[in-house]
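In the two complexes that follow, chain A is the common piece, with chain B as its partner first and chain C second.
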Partner chain A sequence: MISLRSPFGWVLRLMAVLTFIYLLGPLFVIVAASFSDTGYLAFPPQGLSLRWYRQALGDVRYLNGFFVSLRLAGTVAVLSLLIGTAAAVALTRFRFPGRALLEAIFLSPLVLPGLVLAVALTLFYAAHPVAPPGLPRLVISHLLVGVPLVLRVMLPVLKRVDPALEEAAQNLGASPLHAFFLVTLPALKPGLFAAAALAFIFSFDEVEMALFLGSARDAPLTVVLYGAAQMQMDPTVAAVSAMLILLALILMVAQQAYANR
Partner chain B sequence: MHASARRGLVAAGLLAPAALVFALLFIWPQLGLFLQSMPPGAPLAQYERFLGDSYYLGVLGNSLLLGLCVTLVTLVLGFPLAFLLARAETRWAGLLLLLTSFPLWVSAVVRSFAWMVLFFRNGVASRLLQSTGLVESNFQLIGTFAGVVIALAQVLLPIMIVTLYAVIRGIDRDLEHAAMSLGASPVVALWLVTIRLARGGILAGSLLVFSLSVSAFATPSLVGGARAHFMAVTIYEQTLELLDWPFSAAIAAILLAISISVALTYGRLLGDAKEQAR
Partner chain C sequence: MTTASPELVLEGLARRYGNTTAVERMDLAVKPGELVALLGPSGCGKTTTLRMVAGFVEPSEGRILLRGRDITTMPPHRRDTGMVFQSYALFPHLTVAENIAFGLQRRGVPKPEAAERVARMVALLQLQGLEKRLPKQLSGGQQQRVAVGRALVINPAVVLLDEPFSNLDALLREGTRIELRRLQTELGLTTLFVTHDQAEAMAISDRIAVMNKGRLEQLGTPREVYDRPATRFVASFIGRANLFVSADGRTSEDGIALDIPTPGTWLLRPEKVTLDQAPATGPNSVAGTVEVVSFLGTGAQAVLRLPGGRALLIEGPASLADLRPGASATARWTPQDLTLIPGEH
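Here is the complex of A and B:
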C-alpha cells in the first residue's frame, strides 16, 4: 500500500485539502455573505445582521416560488416513486422480450442534457397541449428524470431481495399481492426513502425545464433565483441561497440517518 | 397457461404508467425535435446554417473546449481526493465522502451564484487577481472563459470524485504494495498500478463530466454573463427569445448527437471495466 505518511502522501493530502476548500468554500462564502450588514454583497461579511433574511422572507416572489417548488417537488417525488417502483418490480420480477432495451430507455434521460429535454418538450407542448401550462406541465415533465432516478435506486434493491421469500409466503397461503406487501415491501423501505429524496431534490433544484415550461405566475424558486441573480448582486439572493443550502443539508442528513438505521 | 397469462397482465399493468410517460413525453418529443429541425423542402437548411456560420461554429468550439478544460480540472483535482478517501482507514472517510457529495444536493443556480459573489469586480477572487498586478484594476472574472471553467468544474467535481472513488475502492491495495516492495517509488506504483487499473473508470468519469459540461446551462449563463457563447445558452436564446424553433431544434439535435455518442462510449467502457474487474 502507498503510505499516506510518506512525503508523496503529504503532497496528496495537501492537494486533497485544497480541493476540499475549492469544493465547499463557495457554499461557505455565500452563507457568510448573507449575514453581512451592508447594502451590497460583501465577503468577508461586515457587521452581522439578519436584515437580508427579513427582506427575503417578506418578498412575495421568493415565498411564492418556495411554495410552488415545494408543491412541484412533492408531487414529482410521490408520482415518480409510484410509477418508478411499479416499473422496477415489473423489470426485476418478470421475464419478457425487450426487457433490457426497456430498462435502457427508462434510464437514458439521466445521461441526456436537461436542456435538450426542455427544448423538445417546449416544441411538443406547443403542437400538442396534453397538459395545462404551468405547474401541471412541469410536474409531468420532471417525471422524465424523477422516474429514472427511482429506477436507478430501486432496481439493485429489488434484485437483492430474494424472490424465494415471496414464494415461501405464497406456499404458506398468502396471495401474490399479500406476499409482496408482507415480505418484499418492508425490505424495500430504505430504498424507497432514498429514491423519493433523490426525485424530490432533483425537482426542487432543477432550473432548465422550469425556465422553459413553467409559467411566470407560478415560477419555481430556482427560476426566481435565476432571474434575480442575473439582474444584480443582491444580498437577498444570498440569504435565500443560504436557506436552500440549509434545506439541502437537512435532507441529506435525514436520508443518511434513515439509510443507516 | 392461465396463470402465466395473468402474470403477463400484471407485468403489463405495472409497466403501463412508465411506458405511457416515456412514449408520450420522451420518445415522441425527441423524434419531433429531429422532424422539426428538418422542415420539408429544405431538410438540411438549418444544419447548413449552423455549420456554415463561423459564429455558430465558434459557439460549438467554445462548448467543446469548455468540456475539455472542465474534464481536465475535475480529473486532476478529483483523483487525489478520491484516492485518499478510498484508501483512508479512519472512520472520518465516510463523513468526508458525504461532504464531498453534498454540493450535489444544492441547486446549480445557488452554486453558480456563489461563484458570482467571488468573481464580480469587488469579489475576493477578482481582487486577489488584481493584487497580483497581472490584470487591470477593474478586471472581473465574471464573463470570462476562465471564470466559467472554474465555476463549472466545481459544480461537476463531486460527480467525478464519486465515480473515481468507486473504481479505486475496487482495486486491491496489495497490488500497490507489491509494486513498491519490488522497488517502485510511490509515484511509480501509483502510475503503474492504480492509474492503469482505474483507467476504465477514469475514462468513464471523464466522458460523463465532458458530456455534462458541453450541455451545461445554468453555470455558463450566470457566470459567463449575458452574452456567453455556449451551446446551451444559444439554444435558450433561439427558443425563448428569438422563437426560431426549427433552428433551435437543429442546435439541440446536434447537442443530443454529441451526448448520445458520448453516452454510448461511456456504457461500453463501463461494461469493459466490469469485465476487467472480474
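Here is the complex of A and C:
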C-alpha cells in the first residue's frame, strides 16, 4: 500500500481531484448555467433565477417529451429485465456447447458506438419494416443495449448464488418453478433493481437511435432537447438537462441504498 | 430392526458420464432407523449415489425403492427425502423459523400445526431465541443445526446427509456428530450419510458402505470393515494397516518369516504388534531399527524400519514413546492377529 502522506500519495490525491473535476465539470457548468438570469446560455451564470425551470416545466414540448421518454424507458427497463435475467439464468444454470461464445455475442452490442447501431437499424427497418415506426421501433432498438446491460449485472450475481439453494427448496417439496421464484429470485433482488435502473437510465438518456428511429410526434425528451439546442440556445435547455441529471442521480442513489440495505 | 423390511433399497444402481463410470451397479438396503455411511475418498461416487437418491442425478441403470415405492424417475420435490447439504444451503432471505417451516408450507401443513412443529424442532436443536435471525447472523454450528432441523421437521422417509460436519472446526465436529447420532437414534430416522472421514463413519454408523472408484467395496458394521476388510483398499482406508503378501505361506514377498495357513494378502493392524528389545525368535517376529516415535496422549506410535526396507507401523501404550530413534527393537505378533484379505490373491 502507498501511504497517502508520502509525496507519491499527494500526487495520487491531486490526480483523483483532477479526475473528478474532469468528469463532473461539464455537469457543473450545465447546472450552473441553468440558474442564469440571462436570455442566453452563460457561464459563469449572471444573476440567479428559476425562471428557466418555470419555462421548461410549462413548455408542452418538453412535458410531452418527458412522458414519451418515461414510457419508452419504462418499457425498455421491464423488457430488458425479463429477457436479460432469463438469458443470465440460462447461461449460468445450464451447460451447453458454445455457452461462452453465446455470452460474448449477448454482450457485444455494449461495445458498438450508438451511432453505428442507429445507422444500421435505420437501414434494417427501411428494408424490413418489422415494427411500426416510432415508439415500438425505438423499444426494440433500445433492447439491443438494454438486454446486455441487464446481463452484465445479473451474470455475476447469479454466479454467486449457491446452486444448492434451489436443490434444497426442491428437496423440501418445491417444484423447480416454485424453487426459482421462492428462493433464487429473492436472492437476486438487489441485482434486479440495479439492472433495471441501468437499462432505464440508458434508454431515457439515449440520443442517436431516438433521433434516427423516433417519429416526430412521439419524440423522446432527448430528441426535443437536441432540437431546441440547435434552434435557440436559451437556458431552458440547461434547466431540462439539470433535471435529467437529477433524475439519474436519484435512481443511482436509490439503487445503491437498496443494495446496501 | 433386523426383521423389518428395508426402508431404502438401491438395486443395481449405476451412473455413467460418457465413458467414465461414477457409480458402478450398486446394491444397498437400508433398514428402518438405520444409519448407513457412504465412505470413500473424493471421486469415489458416494455423493453421486446420495444425489441419485435425492433425485438430482438421474441413474443410468438400476432402481431406487423408498418404502417399497419405485422413485427412480420421480422428480426431487415428490420424493420423501430430507437432505442436509454440505454448504447447508440455508435460504438467505428467510429467518431461522421460516427456513425450518419451508418444507411444511410446501406440504400444505396448516399454520398452527406448522408453528408447533417448528417450535418443537427449534427446542430439540437448542436454537431457542434465534428464530427471528437470518442465516448470516448465525455461527457455523448454529447454521448447521438449522439445516438439520429444516430437513428433519418434514419427517422424511429417509434423511440424506452430505458431509454435514465438514464445515465445522474439529472441536465442534465431534460434539455435533454425537448430538446428531443421539437425535437420529431417538427419532428412529433412516439415514444415509456421505463422508470421506473414516473416523466419523466409524463413530456414528450402524453400517458402513466403503466405496472406491465408483464401486461398493464392502458393506458391514464398523467392526466388520475394520476387523475383516474385504479388500486391500478397505484395509488401508479404514484405520492403519501393515499388509503382507505371501505366495507360499512361509515368508512375505519382502522376506519376513510368517506362519500362516494359506498364501494371500494378510493384514496386521498396528495395535496388534508389540515391540521389545529381545532378539527375534523365528516366524511372527522381526527385528529392525526404530525410525520415528510419536506420543499421542492416550498411547504412542512407532515406525520400525525392517532390513527388507519396509516400514512397520506399531501402536501401543504411551511407553512406546520412550524408545529412542535409531535403537534396535523386535516386533512380535501372534498368528491369530493376521487377517486374510479375501479380495486379494
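Of note:
Operating definition for what follows: the second predicted complex is superposed on the first by the 258 of 261 C-alpha atoms of A that agree within 3 Å, B and C clash if a C-alpha of one lies under 4 Å from a C-alpha of the other, contacts with A are read in each partner's own complex, and residues count from 1 in each chain.
Keep this in mind: a contact is a pair of C-beta atoms (placed from the backbone, for glycine too) under 8 Å apart; a residue touches a chain by one contact, two chains touch by 3 or more.
This is a predicted model, so every value here is computed, not measured.
Considered on the superposed chain A, chain B and chain C are sterically compatible, since they fit side by side. Looking at the shared chain after the overlay, A:A195 reaches neither chain B nor chain C.
When the two complexes are superposed, the chain touching more residues of chain A, out of chain B and chain C, is B.
By the touch criterion stated above, A:D162 is placed in contact with chain C alone, chain B being left untouched. Looking at the shared chain after the overlay, A:A174 reaches chain C, while chain B stays out of its contact range. Touch criterion met: A:P186 reaches chain C, while chain B stays clear of it.
Of the two partner chains, chain B is the only one touched by A:L244; chain C is not. Minimum Cα-Cα distance between chain B and chain C in the superposed model: 8 Å.
Counting contacts as defined above, chain A residues 176 meet chain B in one complex and chain C in the other.
Those residues of chain A lying in contact with chain C across their complex are 162, 164-165, 167-176, 178-179, 182-183, 186-187, 189. Residue ranges on chain B touching chain A, taken from their complex, read 7-8, 10-11, 14-15, 17-19, 21-22, 24-30, 32-33, 36, 77-78, 80-81, 83-85, 87-88, 96, 98-100, 102-103, 105-118, 120, 123-124, 154, 157-158, 173-174, 176-177, 180, 185-187, 189-190, 194, 208, 211-212, 214-215, 217-218, 221-222, 226, 232, 235-236, 239-240, 245, 248-249, 252, 255-256, 259-260, 263, 266. Residues of chain C that touch chain A in their complex: 54-56, 75-77, 81-83, 85-87, 89-93, 102-103, 106-107, 150-151, 154. Those residues of chain A that touch chain B in the complex are listed here as 1-4, 6, 8-9, 12-13, 15-16, 18-20, 22-24, 26-27, 29-30, 33, 41, 43, 82-84, 86-87, 89-91, 93-94, 96, 102, 105-106, 108-109, 111-117, 119-124, 126-127, 130, 140-141, 143-144, 147, 176, 201, 204-208, 211-212, 222, 225-226, 229-230, 233, 237-238, 241, 244-245, 248-249, 251-252, 256.
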